[in-house]
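Letters A, B, C and D name the chains as they come in the text, with residue numbers starting at 1 for each one.
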Amino acid sequence: MMYSPKVMQHFSNPQNVGEIPDADGVGEVGNPVCGDLMTIYIKVKDNKLSDIKFKTFGCAAAIATSSIITTMAKGMTLEDAVKISRNDVAKELGGLPPQKMHCSNLAADALKLAIENYRRKLQGLPPRTGVTEGEEEHAEDGASCPPEEHK
Amino acid sequence: MMYSPKVMQHFSNPQNVGEIPDADGVGEVGNPVCGDLMTIYIKVKDNKLSDIKFKTFGCAAAIATSSIITTMAKGMTLEDAVKISRNDVAKELGGLPPQKMHCSNLAADALKLAIENYRRKLQGLPPRTGVTEGEEEHAEDGASCPPEEHK
Amino acid sequence: MKRIYLDNSATTKVSPEVLDAMLPFFTENYGNPSSLHTMGQEANVAVQAAREQVAKAIGADAGEIIFTSCGTEADNLALVGTAYANRKKGDHIITSSVEHPAILRTCEYLEKEGFKVTYLPVDNYGMVSPASVEAAITPQTTLISVMAVNNEIGTIQPIKEIGNIAKDHKIYFHTDAVQGVGKIPLNVKNDNIDMLSLAGHKIHAPKGVGALYVKKGTRIQALIHGGGQERNMKSGTENVPGIVGLGKACEVGIRDFDKNVAHMTKLRNKLMEGILKIDHVHLNGHPTIRSPNNVNASFNFIEGESLVLFLDMAGIEASTGSACSSKNLKASHVLLACGMNPEEAHGSLRFTNSELNTGEEIDYVLETLPGIVDRLRAMSPLYKK
Amino acid sequence: MKRIYLDNSATTKVSPEVLDAMLPFFTENYGNPSSLHTMGQEANVAVQAAREQVAKAIGADAGEIIFTSCGTEADNLALVGTAYANRKKGDHIITSSVEHPAILRTCEYLEKEGFKVTYLPVDNYGMVSPASVEAAITPQTTLISVMAVNNEIGTIQPIKEIGNIAKDHKIYFHTDAVQGVGKIPLNVKNDNIDMLSLAGHKIHAPKGVGALYVKKGTRIQALIHGGGQERNMKSGTENVPGIVGLGKACEVGIRDFDKNVAHMTKLRNKLMEGILKIDHVHLNGHPTIRSPNNVNASFNFIEGESLVLFLDMAGIEASTGSACSSKNLKASHVLLACGMNPEEAHGSLRFTNSELNTGEEIDYVLETLPGIVDRLRAMSPLYKK
């Protein structure tokens, strides 16, 4: 399997799927043209993430990273949660294939953005979006993985 | 097998191998550089080939064509024997692989030369030789047969 | 768990008949066909017999078949081999925008080497129009290459019409028939095909062997140089068991052609009808002029890799043209060429059956798929009920 | 009739261990390694495992192994791939005059494309001198390619010394080790090898699979373009069973290396000594620095094809470098390069054993051969007692 057991576990049984209608912060990142779009919803209480949910359109890695980051972040202080890096996510999942590393970026970015938008809201600023449009190349380094093309 | 059963039969059990010490005519053709050298010895009686023998350095096709031409020619008149063509030889053998067709030439040439040298002798002329030296390309057409190289 | 293999356009199971034909050549008749001795000559005879079988399946002569190591090598040999050998005549190649990467990447390589390539557009069904082929021809055109059957969406191209145009203009016509053999009738003489690629592993022969038909008299040069095997067009010791397997598969494929096509078509139609009942789903490729074994549909709001992996967890093996499953993250070039938007292209799913699949398997897929689609849509930010 | 196979440098029997490892990949785990589903990923894991096995056998890293379809393709990829990718740096290649046609014909192709090639001479034993390599280097030299073990005469080349010279001059060093693997110790790191070719069918793996080791960082471009398999260096669906077989054969070849080499050497020496007792016979290649499995001798006054066919009728399978068995009717380029005259070269006979041969088989050859030689000499116009 190209994915670690932990990835498959979170992919097949993702945690914290859904929306929070009255979220304190929402982070939406990705690019549907590239096949990925991720939204993270947070509730904040006492400077801590009291609840967190996600919705993701994307590959197994995108779903698994969304799921794991919600389980990692839940209960964390905002300061700690915002520091969760792409590598933290990938490590927690037992590694990701090289061409899928950008998915872990996406999850970390979505969480950061949700927290940022929460803070902007407190300051009365409008939320930012992390959704891009149009074609872009954002693969990190796929050199060592066999590309999948229809045969 | 690349060779017909008839070729293999004449190769494995060649007829009329040997020399005729008091031959009436000797035809020697070929090129040892190319890996083939053939000598045909004839005895003539009443304008007919009363005996015929050969010696050949060469491939299976060379040996088989030498053998078959001696069996074909024995007892023939000189006029008929001199007309035996390369195609007659190849046909009699049930065909030869394309790159081996020149071997059948060789046998027909050797017999012709033996008869010519017999006639020259009658006229008091010295014998001619059909042996060439040095490199030459004499393959007919090997395009459709797999070449054999050491693997 | 019983597994249901519906990815036969990716590769197929070697059939028992084919494996049986191959086995002696591993451990008994293992000679090198170039060797003079009995073992070598037996191998040589087996290779020639396979050449006849392959030739017969496409209406060619045995002397026109070159064995290669895969479909890709056959495609490369056809394109690079004729492009260079006919460079004095011209430097222009016509192909389509929905070809397999074996053609497209090779054309891009040739462009780097100074050749000019026209990539013809297709209609919404992925079909090339013969008129567009004719319109693209220039005095420099030496080669037209259009596939017989598209590997992703199954659309059958009008190769006979294209072959006629090529013939009228005295241009070589190559068709990548890797997905066509055993699925549609092919006859290189009737269809005016000068070169045709095929691959063993798509027709129940093993991986590691393919073939290129090259019409007698075609100017072509080798890609791989050496001992001169395959009439100098593919040097290297022949893959004897693989070649024997390919020969057998061609023989069987022709023998069982009608039966297989009828069976595949039945399964395909059943699956296609069932899938199209799901909401927000549409068929990719031509509704009728398509491979008997191919169903390709896009499922809005969800991404193909997730779909494939959820199906896999349920024991169903299928494939997707989603970018997320590929190195470059671009959605399927075929679906985009058909005019689909990228989001939809990401949600494509391909089922390709074979004569080995059963109606019960299709029933199971139709029972299982809707639930998976629902689950993934429930996770998707794009899906609002 | 029991057959004695002594043509193991032409090709070998697939060993039962290897075949067993391969079999599941035809009919059970027949997935395409690029497919996402379980069947595909299992195939992918198997290919990666084989990559490790091959790498280990030559002291490389798994990421440095590119699977190909044969030794010839590996040689072509090494030469053409680096010649073009480094053309800006220089256009000169050094090789030897005793290489396999897979190298020589490819060099001739490159010459036609404007590259310059030096074909180094060899001594009477067919050996390349490292000093001649060094002397041939110019500022334009980008690649040196010298084989590890000669396929005809078995001479082992000083590749470590040549590798050192290449390293000192920062020139890529490729070695065709198709006849070297399993016969001589090979370690790409110790021997300063940048590229190394090998072929499955010479080491009891099947035909249809080979590999090229390419040191990390080497500039090289693909020969065959397409789906991007093998890190883009050999596109085309992987020959999974073949690759698994090659991996297994490499593992077994290293495991049994000492035992096999001792056995082969014993048989070789016995055969060599026996043959050299026949009149007017001499050994070709180096008397001691030669492959443990190779005996090559010239039999004066007779021609190799006849010899091979008479031996075959007696159940013994061997080979010859005679011109009469080849298309162009030129005697073996290797023997001529060793300074032999053409007549003698035509009378060469090669026996190549493997770990599967026995001492009894050699006894039988030594009983049978002299009678055949006598018979053929009796037919030869060159032989005067």
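The rule is short, and it goes like this: a residue touches a chain if its C-beta (ideal position, glycine included) is under 8 Å from a C-beta of that chain, and two chains touch if they have at least 3 such contacts.
These figures come from a predicted structure and were not determined experimentally.
K.L.:
From the C-alpha centre of chain A to that of chain B, how far is it in Å?
P.N.:
Computed from C-alpha means, the inter-chain centre distance equals 85 Å.
K.L.:
List the centre-to-centre spacing of chain B and chain C in whole Å, with centres computed as mean CA coordinates.
P.N.:
Their C-alpha centroids are separated by 53 Å.
K.L.:
Between chain B and chain D, tell me the centre distance in angstrom, where each centre is the average of that chain's C-alpha atoms.
P.N.:
Those two chain centres are 38 Å apart.
K.L.:
For chain C and chain D, let me know how many angstrom lie between their CA-based centres, rounded off.
P.N.:
It comes to 33 Å between the two C-alpha centres.
K.L.:
Can you tell me which residues of chain A touch two or more of the remaining chains?
P.N.:
147-149, 151
K.L.:
For chain C, which residues are shared contacts with two or more other chains?
P.N.:
Within chain C, the residues that touch at least two other chains are 10-11, 32, 34-36, 38, 100-101, 227-228, 237, 305, 309, 319, 325, 327.
K.L.:
If each chain is a node and each touching pair an edge, is that a line, ring, star, complete or other?
P.N.:
It is other, because the touches fit no line, ring, star or complete pattern.
K.L.:
What's the complete list of touching chain pairs for this entry?
P.N.:
Per the contact definition above, the touching pairs are A-C, A-D, B-C, B-D, C-D.
K.L.:
Quick one: in the complex, what on chain B touches chain C?
P.N.:
1-2, 143-144, 146-149, 151
K.L.:
Could you list, by residue number, the parts of chain C that touch chain A in their complex?
P.N.:
9-11, 100-101, 151-152, 202, 301-306, 309-310, 313, 319, 321-332, 334, 342-343, 346, 350, 378-382
K.L.:
Mind listing the chain D positions that touch chain C in their complex?
P.N.:
3, 5, 7, 10-14, 16, 19, 26-27, 30-32, 34-40, 68-73, 75-76, 100-103, 105-106, 108-109, 199, 201, 206-210, 222-228, 235-242, 305, 308-309, 311-312, 317-320, 325, 327
K.L.:
Show which residues of chain D lie in contact with chain A when the two form their complex.
P.N.:
32-36, 38, 41, 44-45, 63, 227-229, 231, 237
K.L.:
Within the complex, which stretch of chain B touches chain D?
P.N.:
Interface residues on the chain B side: 8, 11-12, 14, 17, 28, 32-39, 55-63, 99, 102, 135, 137-139, 142, 145, 147-151.
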